[in-house]
Structure formats: structure tokens, C-alpha cells
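Next come two complexes built around chain A: one with chain B, the other with chain C.
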Partner chain A sequence: MAYMDKILRVNLTTGNSTTEPLNKEWAREYLGGKGLSIKYLYEELKPGVDPLSADNKLVLMTGPITGTLVPNSGKLAIAAKSPATGTILDCSIGGHFAPELKFAGYDAVIIEGKADKPVYLYIEDDKIELRSAAALWGKGAHETEHLLYDELGDVITLAIGQAGENLLSMACISSELYRQAGRGGIGAVMGSKNLKAISVRGSGGIKIPDIRKFSAAMNKIKREDTMTDDNMWAYTDGTPMIVDLSQSTGILPTRNFQEGTFDGYKAINSDAVKRVLKAKKACFACPLACSNYVKMGKTEVEGPEYETLALCGSNCGIGDMEAVIEFNRLCDDHCLDTISAGNTVAFAMEMTEKGIHDFGIRFGDVEKYLTMPTLISTRKGVGADLALGVKKMAEKFGGGDFAMEVKGLEIPGYEPRGSWAMGLAYGTADRGACHMRAWPAAVEAFGDIDPFTSEGKAELVIGMQDSNSVKFSAIWCDFWAISTERMAEILTLLLGREFTAAELTIIGERTYNLAHLFNEREGFDRKDDYLPARFHNEKLTTGFTSGKSLPKEEYEKMLSDYYQLRGWDENGKVTAEKKRALNL
Partner chain B sequence: MEITLQLKGPLKKYADETELFRLELDGNELTVTELLQRFEVPASSVSFVQVNGIKIELDHPIKGGDKITVNPRVAGG
Partner chain C sequence: MKALAFHAEKCIGCKLCHLACSAQNEGEFNPRLARLKITSIHNRDGLLVRGQTCDLCLACVEACPEDAIIEKNGRLSFLPDLCTDCGICVETCPPQVIIDKPKGVGVCVQCQSCANWCPTAALTFEEVNK
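Right, the complex of A and B next:
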């Protein structure tokens, strides 16, 4: 119950699709979403597989709560081996695709092989069709979605834009125009398979053991635990609220992480977003409606989110809301991850200003900045170099000390010199620099834990990584600060068997370890868990973090503590004992 | 003494939905914690407080002319 007990497997090489039962044992050990998609990939992918080859697989995975009245349950996990990092990659995307897939009767879709010509996948309950995408190829995700909507009627679509077609390591997958599975080049995996889009329509429902009891409980939880002070920031402001928090605590990435404060922050903060706000929008079953639909001048977007304001705003020296909105809209349409795109443009700006290589763009140059998303996603002109992403650009042109990436994934919007655990979170995230595996900035920079010490940080980060692993497996939205106890209570009601917080914590730990084992199998170890030299060697000079760095020896200490607490060896490998304990 | 109080995001509900306002306090020494208690803002709902733009500890004494900004807790990112 709550699972559909059915997986759809589509082979693009042969054009065949089959269904199979969901592996119940794995579902018990990994729930769904992140954990279960990684399990399937771990079992089915050959080590060393080229992420852009027909042998990589794309897994769309829902979770037991998906499609029900559980608050904030509208997310879908999309996973594959990452073209950006070579690690495991799982992303989550909101909107309505995940529930619709369950209504069509499936817990998951596993896509294999490669079509010889561009196709899109159409799923309508039992009807599964691969159709020509010749008329869609070359188009942005927005037009693609509109055309599919015109052709198919009321469907929910996942689509790629030009960035995915051109196999960029920063290509994302888009849905409902402005929602993205953003990171690690997941859109390029779709592009490499000649798969332009997936549209779904479902007419079924989900069985709940005691629906009266369940919906009464959900209403109560929604009132007393979701729509509360510590979550309602998502409704009153949404993520733009974080701009002021980061500015005042000195962790707002500015000019390629050269500083942690930005003089022009008032032009890109939540108040500035509210001045051009037209509507609030929500994903399925979400009472928080964090999305801001904004319109300014000739441009409009659902967003911009904090990460975009930080990486494409302050980090590029752009204190101009209209410019950031337009940049955001172009990235969304072409399907560029704004975190990676913003970082890449900022890196090119610093390289140019330092005279290392002339990319023809400098901090704050709005006109050139606005040409970048199109040039990058189509690999035209200077965009052909920027399309490489920060790591490969640094390998080709230099600037390695300030190439702001970990394992090939560009760094999100929280300066680790003002939140040391954030540094450890970036170093040990399973898909390269990521803030969604653990977000300790919330309790260090924005809370009362001392940000400038290595003490206790390993434990903090591990706790967050494990609990988020459960959250993204069930699969909840990040923005509900739900406790593991509450997760256990809801899953018990939904699945008709007793869950405890302790059991869920083990599922989280098992999931994080399995992701790590995937990466280990690909050759990753301690040497890969380091940060760009800038964070260690350069001190910030403004605001709350003035005079601060994250000394290398303190980072080493956090990393060693982390491995030890994880039960991994000094080189960051999962020990045999740990594997046994977690049934891995 | 007169101060300016800003209750950001959802916290403005503790002041009749007014986010930013001036406030006259009686002459006694008052800490940020005591000020929050007067408005019945639960400590668990606050991430951190700034005085004149600078992050401070909650036992910080308030002075006339201060701008106190109270930030809500945030999750996710």
C-alpha cells in the first residue's frame, strides 16, 4: 500500500517497454526516491560506465508518500551517473510530475539505452509510447512543454532544453516551466539518450489503509507542524529571504567568492523580489507555496530563488534585479543549472580581470552577462569554453586556486569561511559541492553554533546527511523542517506497519553509505574530498567574516573526524564492519 | 528610549502583521531576549538577531536608536 508495486522499464535502443514488480526488499531497506534509485543504479550500472553513453541509466523514482495528502510530498527523484562529476547523482524536482506518475500506476521509470533519433516518451496509464521529437529538438524547454501540452492535452512533462541536447555538464531537466532537477548534468544524460521529454497522465489513485484517520492526521499535522513559524518563511518570502541572512553573516558569495558581502545586496534581496511579485505558486500537496512568480520590465520568471540571486547576482557582481530575472529565465528555458552557470560566468569574469585568460566579460557587465546563457547552452563563441564548467575551464586555462568546485560540481551560495561545517558538507556531499545533503549554515551562520571551529562539525554534518537521505527517499521537500519522529509517524499511518525514528535513521545512513560505495567503486577517496584553495589561503575582508578563512589543518581535522564517525577508514573508504552493520 | 524593531517573514504576526516599526521603551536596561519576550516571540522561532545590521548574542543590551532585526528560522536552502 502507498506503493504502486510496479516499475516501468523503457529501452530506447530497442523501443521496448516492460513492467516489473518493485523490489520489495529494496523498498524496505531504502524507502524510495534517493535511496531506492541509487540502489537500482548501484546494482545495474557497470563500474566505469561513461555517463553520456547508452549504458548509463536514468531513473525516475517516487516514494511511498508521493501522490498522497502528506504535506510537501510532490517531489520526484531523478538519478543517474553524473556527467559533471562521475559520481552518483540524484536530483529532486517539484511540481506535479511525481504524483501523476503514481496515478498512472508506477513507482518508478528506468530508462535505458539510446534512441537513434530524438524521441519523447508518452505515458498514459498502461499506454507507453515513444514518439518522434524531431519537431521539438533544438527548442527551449518552455516551448517544448507548450507544444506537448497543445498536442497531448492535460499532461505533466519533464523536458530538456538546448543545454541537455548539447550534453553540457550543467544541463538540467525542467518541468512546469520553472522547476528543475538542477545539478550534475542530469539533463545531459537525457540528451545523450536522444530523449527530449517525458509526458505523463494518470487516471488512477493511491490506496491508503484508513483514509479517514489518515486525512484527519494530515490536517492536524499540516496545522500544527507544517504551517508554523519555522516553515512559514517559505510562504512569506521564500528562499530570497536568505540574501539578507547571508549578507549580514558574511557568507553571501560575491565576485567569485572573493568576498562574503555584496554592496548591492538590497537590489537582489527578498524586499526587491516582493516589489515585483505577481503570485505565489506551490507544488502538489504543499501548503507552503514557496515559489514567487515575478514580472519586471519585459521579463518574468518563477523565482529567482536564493541560489540564483547569490550565484548569478552577487557572485557575478550583478546588483540588478531585472538582469538577474532575465538571466534566470534564459537559464530555465535553455535548461542550465543556475548554480553552475552563475559560478562559471563568475570564474570567467575573474579570469578576465586577473589577465589570466580573456573571456571578454567582467564583474557587473550586465550586457555581456545576459548573452551568456544562450552562448553557453549552444556552445557558441566564448560559450564553447564556458560550457566546459569551472573545473575543466581551470584545467584548460588556469586559475585552479579559485576554481570554485568540488569533484567538478560548482559551489552553492554559502561561503564556508563563515560556516566551517558548510565546507565539510561540500567536501563530503555524494554528488560534489552540494548544500542539499547537509545545510549547516542554518545553525552555524544563521544559528547559535560557533561557525569558526572544527569541533563537533563532523557529527553535525553526518546527522544532517542521514536525515536528509530519509527525507529525499520518502520523498519530502527540503523546506519542511520535519523531524525524523514525524516522518516515522506519517509512514506508519501510510504503510500500515510500525516505523521508528531509529529505523529511519539507519535507512538514511545506509543510503548515504551506498551512495559513497558507488563513488568508491568509481575510484573516489579522500583525495577527492577537498575544497578550492581559496577557502584556505585567502581571508575575507568585509563584514561579519572579515579576517576569516577556513584553515587547511582545521578542514583536515573535520574530514578525519568525519571518516572516523562514519566508520570509514582514514582514506575515506567504507570499512567491512560498517558494510556488515548496514547490510550493504 | 526609541528603537526600531523589524520582525522578518512569519515573525511579523507577533506585532499585528507589521514588519517594521518604531517603538518607545521605558528607561530600564533591556536585553534582546527580554524585548522578544514582550512581543511573545518564541525563542525557538528565531534564527538570529541583528542590532544595527550586526549579528549579536541574545543577552545583548539594547540602546536608544538601535535597529533590532529578528530573523526567523529557516530550513532547507
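Right, the complex of A and C next:
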């Protein structure tokens, strides 16, 4: 069946592991992935738990489509309470770990407690072992994966680097060297548990009724709906294609969001990536292969993705592809989230240039810039301050008006002064400033919707948040622009019960509301849903967005519209009526 | 004779071929039961892409002491009643793509499910020099 009906629970404090049935009622209400991992955490975590304590839990969750021929189904959700924000945190990581976990026989792994010494978790079907990671601790994620491959053979591994070991709020979890569960310090949760890596090998399979008929239907959908002009940008360019779009629409973060265009953009755009492209790479079951494996000089990486080109390129004043690739590789190896790391370095650059605090690094200083990932992830020298991340740096050193974060999570690569709904998306994302919950830049800045009005933006953002919530619960990759109707069609064929688009939309809405309830329980409300003052008080001065800001009153209007349409009160709390309607 | 061929420079490592093969021939989604092996991993030297597919070399047909694997019209057939589970074919197969099962083996029957699913034409069904 599409669900394995089995969850593995590993307690690192006791060293015991147990299995239990998947909660089928919850699976009906939340599908899997994002929704189901949040449901488990909502039910099992005590309010106010310290994210870096033994009481936090790490949930690895697959979905019903994981491990099958359904296109773009290779993702894994990894969730915990976030050390960066104190909110719920669910990340999505590609590669081959999620299907391998299902082939080993599990829908999910829930990791509890804390090991007294560094360990790694080895899962091979029914064999579950905690092994010493003494020889791995202190090593980068890349060498860790190589050593585990040497020792265990063809396993798939999730690993942390030095950033996770040192409990950085921007530490990610890595797999297959260049895939990340990137945001919110999910790698620090692993580090706090003394868990260096998780390796899995599964020999089982997934059996469904009429598998040949199902496969034929999926191949037709793959040809007619996945590998189409709407999606093939991922293969022909990948995310670097967004650099030119952002530049031309004035939303390319530049020098810590001081501008929306970058003179050196041609050095870091898709054409520049293509000049050093060696191969295209895909996650499991993905025909779109967005990933670009590049080599330049002595460095190589799968990437750099748009977010890295923007936040670690233009936003740091770095118009040098080889430098960005090397910075990217260093971040991946040390397991630093490039969005947060790029923002943090950019903030230090502006603080230095403005004379507020001297971090010894200025915009465009390639030599110093390339020392940053190692210094930050090991908390050495100036890196000890940058390791705090933007919010805590601003609390310590000042510069709060241009500390580019929401709820403690640094801002992705879309300037909201040229895409107002992006501002609302950042403000209302369930894990702080995130572009994956809703990405309205696609239809505003890059589309036909007026980016400079607050009208209709709440509805736009809510629709995307709910649709993505169900998409990331199944779990599909973001890069197939799949309709909710198509999701319903595929889930009906796979699970043998009728799904409708309307039902899926409710699952998405329920998921988003549950995430919000988790955050409410942690004390979050309207006061936390605001953007850095820079977006309101400073006008951009170049390109298409010259003269534009996102006025505070317009943001307030979008936020109030948003709460009203969500069925939340004016302070951003889920109403009793809405809870009843969603069975929460 | 036509047979499967692999073009490493086009492979994206999605494993759809493994899933298509195991679904068609074993009735489950299980990459380890696929009658081909496509590897795309990053090792210490960089990206390694390697493909092992049945090119109808017929080494298994020659090796089988019981004639349980035969070739007919450019396709292999496995005759389970004749198989004694000696494992010689599995060991002999140059590309190592015969699946060893609890009872009997699985050989590539050139069904082309893998090639039909391959999104980049890294797997093709074409004339091989035999």
C-alpha cells in the first residue's frame, strides 16, 4: 500500500527504538509530509519547550506518493520546533532519502531525547542501530557522507556539518552533498541531540493494486502535465533563471536589500551558470532535474540556486561566479543555510560600512567573504558574532531597522517593495520569512498582477499557502506547477478512495491553521507578523522599482485583510469557529 | 539486434527507470528489483554516473547449465521450471543485471519500460553490434 503503516521511534537518551502504527485518522486529515509532521509535533511537544533541549523532537516524514512513480515525489519533510524562530519548523529536502526510508518499511521516524555522546543512526529494514560518531564529529557533512558510504555501502544519508554541531540557528541538514533541509536551524536540532547522521538502506518495495495501469497513467501525466513548457524551465535553466527576472523587475536583493538591482548581475545569472555547467541532476522520481552540477576553477557544487546567487551574490555585492560557487560549496559542507548566511554576511557588511560596528568586512570583499562560512560555522573570530544570525546581531550591535528578518528567519531573494504580496507572505509564513509557503512574486513581479497595491493580496497569499500546504504534505516538489485537481486525481488512483480538489484544499487550510495554532501556543500573534522597517521607510532608487516602498499602512491593510479572510481575529488568533470548521 | 543502451551524459539520476522496471516486471515499486542498475552519486572525485543494462550479450544463455534462460526473437526468456537456483547466471552476467530471487531469477526481457519512462533519452532501445 501507499502508506507503510509504520513509524519508527528512536529515543536517543535511552538508546531504545520502537515501532508503532501510523495514526490513520491523522493521516486522513493531514496526508503526510508537512501536515502530518506538524500534527505529531503539535500533539507531542510541550508548549515552551527549548528547541535545543532533549525535549524537542525531530520528525522525518514521507507521504503517500513517496517511493512511487508519481512525478516529483522524492521529497522528505523534516520538522521540529525551530531554534531560530521558536515557531514550528518544517523543511523539505530532496534527493533519495525519503523513498529509501519507505523501502526500509517506514512512513516516518520520530527522534526523541539526546545521546550522551555523538552517535549516528543506521536503519537497514528492521535493523536499527545507534553507532558511535566519534570519528565523524567535527567533520563537514561531505566527508561525513563519504566516510559513511565507505563503511556502509550504498546507503542514503542525512548529515550535519560543523554548523549543526555548534548549534547555529542557521544550521541545515544535508544529503547527497548538495541537498538541504535548509531553514530555521533544523541542523542544530540534530546537533543538540548529538546526532551526527542518519543512514538508511531499504530492500523492500511498495505494492499497490493495478500497478501497471497506475504506472501507465503516471507516464501519461508525466508527459502531458509535468514535462511541459510550464515546468521545463527547471531542466533548461533551473532557478538561476530568476536572476534576470528579478533584475528586470527591480526585486533582486542587493547590498543587504539597499537596492533591487545589481550592476554585476550578468556575472551571476543563468547564462553564467550555463557556462560552467557539467551535468543536470534530479531527485528521486523527478523528470525535471532542476539541479545544475557546475565546476569552475578548483571548485564545484550542485547549484548555485537562485537564493544563493541573490543572497550570497548581489546581496553581498559579489558579482563573481567562482566566488559564489565556492561560498556555496563551503556553506553546503559546513551545513549553513545560504539564505541566512548570505543575509548575515550582508548585514555585517552594511554595519561595517555605516560605522555602527566593525565586523571587518565590506560589500564586494571577495577574499574576506570566502573566509566567512568556516568562521561562522565554527564560531571562530568574527564568526562568533555572525553565528548569532541577523536578529540577535541587531539586538547586540544595533542596526535593527535594516536587520532583514521576520521572527528571526532571514529574508529570501524577493524584494517586497517590488512585490507587495511577498511582504505579506514573509510576514505570515509559519516559520518566519519564507518564500516556500507562498511565492506571489511569480504572478506579481513576474506576472500580470499589479505588485504595488494591497488589493486582493490576502486572498492571493492564502490560496498559495493552502495549496502548498497540501502539496508539501503529499509530498510533491514545489517545481511541478501541479493543480489541486491533478493532485486529487493522482491520490484517488494511488489510494483507491475518492479525493476532490475541495477536500485537498481543506487539508491544506487545516495544516496551515494547525501550524499557526502551534505558534499561537508559543505566544506568537499579530505583533510578530511584521517586516523590517527598511521595506516601509526607505524607497528603492534604481531600476523598475525606483521610488517604491511598501508603506506601513498598506502592509497593515493586507495583514488585516489576511486575518479576516483566514477567519482569525484582528490580533491574528484562530477563532473558535474556524477551529470547529476545520476539526481542529 | 536491438537492445537497451545507456547514455551517461544525458542521465539525471532520477531512478524512474528502476521504478518502471520493478513495477512492470515484479509488481512493486522497488529499485533494487530492477533489471538494470543506474548509479548517479557524488563521490570524492565528483559526480559518478554509471549504467548497467542488458545488451543481449547472451552470456547467461551460454552459462545456464539447465537451459533455463533462452533467447528468442531478440529477447531473453526465463523458464522457471528448469531453474535449479544454482546462481551461475547471476554471477556470470557481465553488467550484473540479473535479479536473484528467493525462487528463480529475473532477467531483462527488453520490455523497454525503463526507456519509455526515461525523461531525457539516456536509456534507448537501439541497434547493438552483435
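Note that in this section the second predicted complex is superposed on the first by the 584 of 584 C-alpha atoms of A that agree within 3 Å, B and C clash if a C-alpha of one lies under 4 Å from a C-alpha of the other, contacts with A are read in each partner's own complex, and residues count from 1 in each chain.
Please note the rule applied: a contact is a pair of C-beta atoms (placed from the backbone, for glycine too) under 8 Å apart; a residue touches a chain by one contact, two chains touch by 3 or more.
A quick note: this is a predicted structure, and the numbers were derived from the prediction, not measured.
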According to the stated criteria, A:G204 is in contact with first (chain B), second (chain C), both, or neither; which is it?
second
Taking the superposition on A as described, I'd like to know which of chain B and chain C A:E176 touches: first, second, both or neither.
second
Just checking: does A:A533 make contact with chain B only, chain C only, both, or neither of them? Give me first, second, both or neither.
neither
If we overlay the two complexes on their shared chain A, which of chain B and chain C does A:D478 touch? Say first, second, both or neither.
first
According to the stated criteria, A:N231 is in contact with first (chain B), second (chain C), both, or neither; which is it?
first
Kindly classify A:A384 by the partners it touches after superposition: chain B alone (first), chain C alone (second), both, or neither?
neither
Which of chain B and chain C A:M1 touches, first, second, both or neither:
neither
What does chain B use to touch chain A in their complex?
8-12, 42, 44-45, 47-48, 50, 53-55, 69, 71-77
Chain A to chain C touching residues, read off their complex:
67-69, 96, 99, 103, 146, 149, 176-178, 203-208, 211-212, 214-215, 219, 222, 227, 278-289, 293, 295, 300, 302
Give the list of chain A residues in touch with chain B in this complex.
229-237, 239, 241-242, 244-245, 248-249, 306, 412, 414, 435-436, 439, 441-442, 446-448, 477-481, 544
Sort out for me which residues of chain C touch chain A in the complex.
9, 12-16, 19-20, 22-24, 26-33, 40-44, 46-47, 49, 113, 116-117, 119-120
